[in-house]
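Once you scroll down, you'll see the structures, which are given as structure tokens.
There are two complexes below, and they share chain A, which is joined by chain B in the first and by chain C in the second.
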Partner chain A sequence: MASSSVSTHPTKRPARLSQSAFAWILIAPAMLFIAVIVAWPLAETFRLSFTDTRIGPNYSYVGTENYQDLAESRKFKQTVSRTFYWMFLSVSLKLVLGLIGATLLNAAVPGRALFRILVLPPWVIPIAIGMIGWLWLYNGAFGLLSGVLQSLDIVDKSFEFLAYKRSAFYSAVVADVWVGVPMVTLFLLAAMQGVSRDLYEAAWVDGASRWYRFRRITIPQIMPVIVSMSLLSAIFTFNSFEIIWILTEGGPRSSTTTMIIDSYKTAFSSRKFGEGAARTIVIVCLLGLFSIAYLWVLNKVTKYYGTK
Partner chain B sequence: MSTLDLKSVSKSFGDAKVLHDIELSIKDKEFVVFVGPSGCGKSTLLRIIAGLEEATKGTLHIDGEDVSDAHPVDRGISMVFQSYALYPHLSVFENIAFPLRVAKMPEAELKERVARAADILQLTDKLKLKPGQLSGGQRQRVAIGRSIVREPKIFLFDEPLSNLDAALRGDMRVELSQLHRNLQATMIYVTHDQVEAMTMADRIVVLNAGRVEQFGTPMELYHHPATKFVASFIGQPNMNFLPAKVTGTGTTGLAVQIDGGPALTLPVETSSAAVGDSVEVGIRPEDMAQGSGGLKLNVSVVERLGGTSITYGTTDAGTRICAALDGVANVREGETTELVLDPKDCHVFDASGTVMRRLQAPELAN
Partner chain C sequence: MMDRYSLWQVIGIYIAMAMFLIFLLLPFFEMFMASLRPLEHLFRSPYQFWSDDFSFKAYSDMWETVPLLGRYIWNSIFISTAVTAITLVFVVPASYAYARLDFPFKNISLSIFLGVNMFTGAVLLIPLYRVMSTLGILNTYWAMIVPGVAFLIPTGIWLLRSYLEKIPVELEEAAFMDGASRMYTLRRVVLPLAVPGLVVVGIAVFIGAYAQQFLFAITFNQTREYQPLPAGLFEFIGYQSVTWNEMMAAALTGVLPVMIIFLFLQKYLVAGLTAGAVKE
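Coming up: the complex of A and B.
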């Protein structure tokens, strides 16, 4: 009986796709989408970077000439180091301020829900509008900051923040930090709230001071989030375009020109698409390397600090 | 010396009063267990003793000194948390050393103390591991290690075994009892598990709705429960309560007629009872046996455990009964059997749930 029941039905199963073929079909739309909006433009940029394409329809392949020019250009090297300085300074400030902000927002004070909401505006309002606000603040003739500094006798005449190389650079950093801090704050706050209360109570019972608890419990416990936030923040800051563009357009005298601004100016202001493409390929490579290094660090940190 | 005295300690959270005038005196080197159902206030009471919560009213004295406002370190207490509260990023060594690092103890002494604690708790070969690499029982021991290195006067345990599986719980109970003997320290232990309370405690505090129902040795609680609540909470399976009417009082005992059952004369103090009063006769499942002329039981379920047969059913008056009968007892589901009640095993509770003291309880209980 048993053998006959097995032999009567074996061909009734419908023809089926193999599991992997089915999986490919499922992810195909997403793959296609990514191919069209990411892979193809990237490949085009890569191709463009080996040409001398300008506004006209004719161009020719120039080999690695664009890259050689970059390697020999003193100005480009300055731009690269300026970009990394910009990134380092801005990300450090965002993390430090974010950590302080998250700690304060995590404190049991009355009305802390309100404070948590009040942190959001820099992040929520469109960057362009925020930057117009900063333009007004930095304005020498009618700007609030200059006015306050004058009335406090710190400067004796009106000060145009965005008019000098150094002050323009640091003013742009301040505006960038202003935009970036809320996100860092909220992510760190969320991480802090995930730390078990028992750990703090146990440490408190053992006599640990507030600072000691912060140093030996909070920081290690949120370290994986600190590391991943710094990676995200670093990439955002590296690629931060509209903040600088609206405030200074990379000036004065290139003092706020980061790699992304430089690429834009080369490609779209000077219409040297080939050279601009070469610059963006350098950015992609640098950020790629940077991300790999960061993920490696993140992995180490997560392992070191253990899971909860 | 380390005694603990709570004087009229009360605690409210907003309008909710969770502890009512708690008076307790805990002796030196005593192992005291706070036991009670969820929400009875036992953990809150422990947290007040630890200093994690402030009492709304009342004072706390350790060795006669008022420490109501003192920091836990100055109180000389340490606490083991239900979640263990181990620092996941620190090694076992650093977890145990944590309180000593806080106290800035010199490295040599610190190492020695951690080594000693690790030795007591059999953690010596685990010191380099992280808590995540340990089993539940080992984590528990690390948490205990962290509390013993500071050499506190009083140890507090907040349901420390509730996250362990049953077998490990049994082992850890024995280990904790041994630890108590070795350290010769005062320990206060919170649990909702009456087995833990009965097996480990020198004395048990039974809490109910923020009040101390009874404070006594495990045998006192078992044989002389002060209230119906204690009687029903201590003992497994739970005590049976049979509604009855008082038919006579005298110096030798109380004559009662059990609803749907026999008339008995029970050897208890009768000063508070009068003829006609409604009372409840309490009898433990293990004190019941099959026999003729007793209480008729309509058997609904029999759980045969081998050594005993836990038999559930109802009396003719509809009272639900559980009896722990002999393993091979002749009882069947759907049939009836008769149970004899030995008067000296019976507890009597008046309408308010207060006990009438038994006159013939076993000697060990007194």
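Coming up: the complex of A and C.
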């Protein structure tokens, strides 16, 4: 394809590899690894989704029955809309908090180097360990949150955050936001620091207020990073498994069951591997649609703001 | 001049910062408080914020309740380090190809890699279990390392590619003109220049491996001696009672080594992310 420009040079050693051959030698190991560990299981899941596989070795192909069941199931529709609500809520909170956090960390005040370090822990530690902390915070009888609410007389007796449908859902959102905010904050901070100072100085000389500079310089300049962070967060949130699983296992009464929890429960708790596989395939298709939409939006944004 | 804040603005920034940090650090504070309380105090109601029976006893008792605790902490770090090293071996050549070379199916194959980024292991557990068992690596360290590597290769390629693109191409061209082979150029010219980038990508991969080992551990590994810390912590949930205070103490002690390493490395991480994020 493009090797012509290089290979026309008179080479001393004729045995030098062509560019494409060399490229594929470099990529092949990673490609093969992914093929065995991700692509093949994915293909296998696709096959399973057309079967009625359960725990035993015997199964038969049932065509698209699993998918038809999903399409007709009211419960599944609820799960899908709950997942999107969960994702929308969590991603918006992550972006808003991340933007606020990055702006604060970017402010030239003493101590900001320390603040930058203190933001890291939720991101760096294993998710499962952070969730043990949240589990205790949400505990009604012994947890800090319920204790504080009681001493402020907001609730009159202990409040179990994870025991009621609505509060369990929002508690899980908060924990998910907690896990995701540090990364968003750091990436947005990084983008803010990449914005040229000349722009700000020019605006400042013209008497533009700080808020005006933020709105008309910072935001447009870091827009591509905001867009890519929102997609990454959306994917992480959509896929987030350990957070919900450790806090509530999808309960109470399915109020925190997202699609990923639903497919895990169907496959592992109920041992309906075929039906679980069909749910996985639906998830994969949705994620695929997502990233196409993302690439499209990113393209528009990049063009609109004229950054490289 | 432009960066000057009025006194009230500075106070406002600090208050907002404090609220932001309280949210992010609250679970750690709660875990620390719980680890100081004697077990019978933990279940005392109504809630008491402060009392005089706080002690560090849990921090010494935990090693007896779960004798393998030290091993779990070590396993966690070992698994993540192995995942990082192996991932880099796959990622370095591949990202060099994407940064520098032109070849058929370049964009398609790159999108395939990035597509893998969209999954977590959670959706593929059933068939993955079969793959692990076919490879004969269930209940070994490899059962946790191999899937970790697979799901982190794409992130690594994505990050490292943007670094390598910034290394001036002239050096490679010079080596090339002198008749150096492609592999020699990559090893002796590009790699040494890419060390700062490798550090950042290494840190990012390590975080990913460290944060996500729980799921693979509880699904693919039954050998107690190989369990990483997040899975090992569940041993504090005994038949009779859960020693919550010791569990909290163990969790905090277990992540301490990694947190300390991060204290030293965070400068590179933030600087590296700056470079990576502005790029695209």
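Remarks
The definition used in the following text is that the second predicted complex is superposed on the first by the 281 of 308 C-alpha atoms of A that agree within 3 Å, B and C clash if a C-alpha of one lies under 4 Å from a C-alpha of the other, contacts with A are read in each partner's own complex, and residues count from 1 in each chain.
Methods note: a residue touches a chain if its C-beta (ideal position, glycine included) is under 8 Å from a C-beta of that chain, and two chains touch if they have at least 3 such contacts.
Predicted model, so just to flag it, every value in this text is computed and none were measured.
Room for both chain B and chain C is found when the two structures are superposed via chain A, with no clash between them.
By the touch criterion stated above, A:276 is placed in contact with chain C alone, chain B being left untouched. By the touch criterion stated above, A:27 is placed in contact with chain C alone, chain B being left untouched.
Contacts of A:304 after superposition on the shared chain: chain B is touched, whereas chain C is not.
Contacts of A:206 after superposition on the shared chain: chain B is touched, whereas chain C is not. By the touch criterion defined above, A:96 reaches neither chain B nor chain C.
Contacts of A:217 after superposition: chain B is touched, whereas chain C is not reached.
In the superposed model, more residues of chain A are touched by C than by the other of chain B and chain C.
Once the two complexes are overlaid on the shared chain, A:71 sits clear of chain B and of chain C alike.
Note on the composite model: angle chain B-chain A-chain C, taken at the C-alpha centres, equals 80°, rounded to the nearest 10.
Remark: least CA distance from chain B to chain C after fitting both complexes onto chain A is 5 Å. Residues common to the contacts of chain A with chain B and with chain C across the two structures: 201, 204.
Those residues of chain A that touch chain C in the complex are listed here as 1-3, 6, 9, 11-13, 16-17, 19-20, 22-27, 29-31, 33-34, 36-38, 40-42, 44-45, 48, 97, 100-101, 104-105, 107-109, 115-130, 132-134, 136-137, 141-144, 146-147, 150-151, 158, 178, 181-182, 186-187, 189-191, 193-194, 200-201, 204, 224-225, 228, 235, 239-242, 260, 263-264, 267-268, 273, 276-277, 280, 283-284, 287-288, 290-291.
Listing the residues of chain B that touch chain A in their complex gives 50-52, 71-73, 77-79, 81-83, 85, 87-90, 98-99, 102-103, 130-132, 146, 150.
Those residues of chain A that touch chain B in the complex are listed here as 196, 198-199, 201-208, 212, 216-217, 220-221, 223, 304-308. On chain C, the positions that touch chain A within their shared complex are 1-3, 5, 10, 13-14, 16-17, 20-21, 23-31, 33-34, 42-49, 76, 89-91, 93-94, 96-98, 101-104, 106, 109, 112-120, 122-128, 130-131, 146-147, 149-151, 153-154, 157, 176-177, 179, 181-183, 186, 207, 210-215, 228-231, 233, 244, 247-248, 251, 254-255, 258-259, 262-263, 266, 269-270, 273-274, 276-278, 280.
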